[in-house]
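For reference, chains read A, B and C in written order, and residue numbers begin at 1 within each chain.
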């Protein structure tokens, strides 16, 4: 059974109205358990929409989304996944520890269990000393680590991430990518990760899914094949550059690629 | 929604009148409920019809004309006070922005003015005026203007200063790189950038000017003003209760007119600025 | 920074306002002396200080009366305003009815409204005055909290959606805490107004033991120095309210500081 199955899905906004948008058309995607899949594409290609369809935050116009063998809706009600966004969305009025406990509170866990789990997650993201801090006392990277800890607090099998490192500077970003990989390997979580950055997509994923806009669809899939043990050296390996080039060329085949090609002719 | 709101209030008023106790009521032993006798709470239609009848028995003018004239008078006085107060406020703020010494000296007093009930100084200012000159005593509307200016000045000064000091540093650096002198930067950059701060303060200043003028009129019985009408009609309140309310109507209209004016000014000033999330 | 440099920069900040204040008071004193202004027109600063020193209890007692009225009204008005805003958030119609009312009430000079209510309530009791303050504070708090409840952080809302949280959970855990900054800013704005309304509501007769009645009584009469002493008392009450509510905001909503300064 796949962790995520998207079959024949399309999403149309404002159907029939003057501002109708074909956000996604004919999407088929399977994600295996424990796999790390990146979604990449220019603005408007529908990658964030696809992520939200999997999360059941919006519903497909046609087609079916299955998570863990259930409907996406049931998966959300059963809390089978954790989610992280570009803004950390931490609650300013709660300590780091209590922020991580939020999903557990909503599930009705009692306090000792919650405390134990949040301590565990803090160790995982290496922020144990900051458990009593307030979010605004932390840097952007640290806030995102807390957001990831929160997303994983209930030990979901699936992690959905929408450009969580988009607001960070390059060095912090690379550091966070390494941390994320380490955490996902340790917990065996399946990940669907939306990004704008080609190196990020390749570094993190087992598979990179390339999308293009108008209408949003999947145009290519690149198997990264760099193995599970990645580190700083991986970023300098020839294979890494080859994959990045492969993804970049797949992206060139999109509409944005046509515009850029026009520039290059000058 | 405005007219609906007023109908709603009028409805509540009458509903309470019909069920509420005549002498006022107690809730949990505390006199919470207002008196419903006609003397204390006239019927809505009594109040509105009173507008049509003359001011004094046998008089020729309907009272609404008297109230309207008084309201117009007070409005002009408040307008003058508002304009002078706003200009003074902006002027002082500019000086404070230019000379740090002046800013440091005056700032604490500005802050204090926002937290301390300066309206209590009203009688003092009026007394000072009386001292200043014998025939100023007869021109009591000057006292009203002064009090209005006094109350309107502070919010404008505070807000303008904050606005002048909140110019984005990147834009300031741009002006510096263009070798623009301080006053040109003021006119071309700081001042326009400060408008979003000044506009809301102008609203406050308008209301403050009205309050100052009305308070002065009530304390001094400034002839021709709506405050004076409230004062004298109030004295007739026991014999002719709706009369007082006509003057109150006038004061309410005064406040609303000023509010509309400053909102219009606000919109005009802010027309080129991006819409705010408020 | 070196010690002397530190001292110099602190002095640069503290001295100017002090100098301005001292000069102002000195000029005032001198003008009264030289022009031989009668004490019933405007008192000397020294006379004011004498009045304060002679019988501070007078001023303190009156300040307490007015202060308590303002405080009761501030607390009640804030609580009721907050609860009303949360309740009416569900029913847009109520908000739409109350908002124009709030705008109108804000536009009409407070003095006039107090006068009208004097008719209905007999402001001779402290209760009436507290009620006045409550009403004024209520409108301020209500409008601000209602506004705050309409501002929703989209990321947090999506997050709660992903948790399949019930609307009640969302309200309690996200929307109301997000409203706290608005609430405490509104309280800070309303605090000086509470003092002003408490003062003004005493102008209309009734028990003459609060600051407002004492001030209007003495400033209109001959003992102006005492009147000024009361004004000083009133200013201190105003400052205390402002400081107290600012402190409250600082303690309860610390992250607001960050947003303002960083």
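Just so we're on the same page, a contact is a pair of C-beta atoms (placed from the backbone, for glycine too) under 8 Å apart; a residue touches a chain by one contact, two chains touch by 3 or more.
These numbers come from a predicted model, not from an experiment.
Chemist: By CA centroid distance, what chain is farthest from chain A?
Modeler: Of all the other chains, the one whose centre lies farthest from chain A is B.
Chemist: If I average the Cα coordinates per chain and compare with the overall Cα mean, which chain comes out closest?
Modeler: Smallest centre-to-centre distance to the global C-alpha mean: chain C.
Chemist: Counting C-beta pairs in contact, which chain pair ranks first?
Modeler: Result of the pairwise contact count: B-C comes out on top.
Chemist: Compute the distance, rounded to whole Å, between the mean C-alpha positions of chain A and chain C.
Modeler: Distance between chain centres, rounded to whole Å: 49 Å.
Chemist: What is the distance, in whole Å, between the centres of chain B and chain C, each centre taken as the mean of its C-alpha atoms?
Modeler: 17
Chemist: Just curious, how far off is chain B from chain A if you go by their C-alpha centres, in Å?
Modeler: Result: the chain centres lie 55 Å from each other.
Chemist: Hey, which residues of chain C end up touching chain A in the complex?
Modeler: Against chain A, chain C makes touches at 153, 155-156, 158-159, 161-165, 169, 173-174, 177, 180, 254-255, 258.
Chemist: In the complex, go through chain A and note every residue touching chain C.
Modeler: The touching residues are 55, 57, 76-77, 79, 81, 83, 85-89, 91-93, 102-103, 105-106, 134-136.
Chemist: Would you tell me which residues of chain B are touching chain C in their complex?
Modeler: 1-2, 4-5, 8-9, 24, 30-32, 34-35, 40-41, 101-102, 104-109, 112, 114-117, 119-121, 123-124, 127-128, 130-131, 207, 210-211, 214-215, 218-219, 230, 234, 237, 241, 244-245, 248, 251-252, 254-256, 258-259, 277-278
Chemist: Considering only the defined contacts, which chain C positions touch chain B in the complex?
Modeler: 12-13, 15-17, 19-21, 37, 41-42, 96-101, 103-104, 106-112, 115-117, 119-122, 125, 127-128, 131, 147, 151, 191-192, 195-196, 199-200, 211-212, 215-216, 219-220, 224, 227-228, 231, 234-235, 238-239, 241-242
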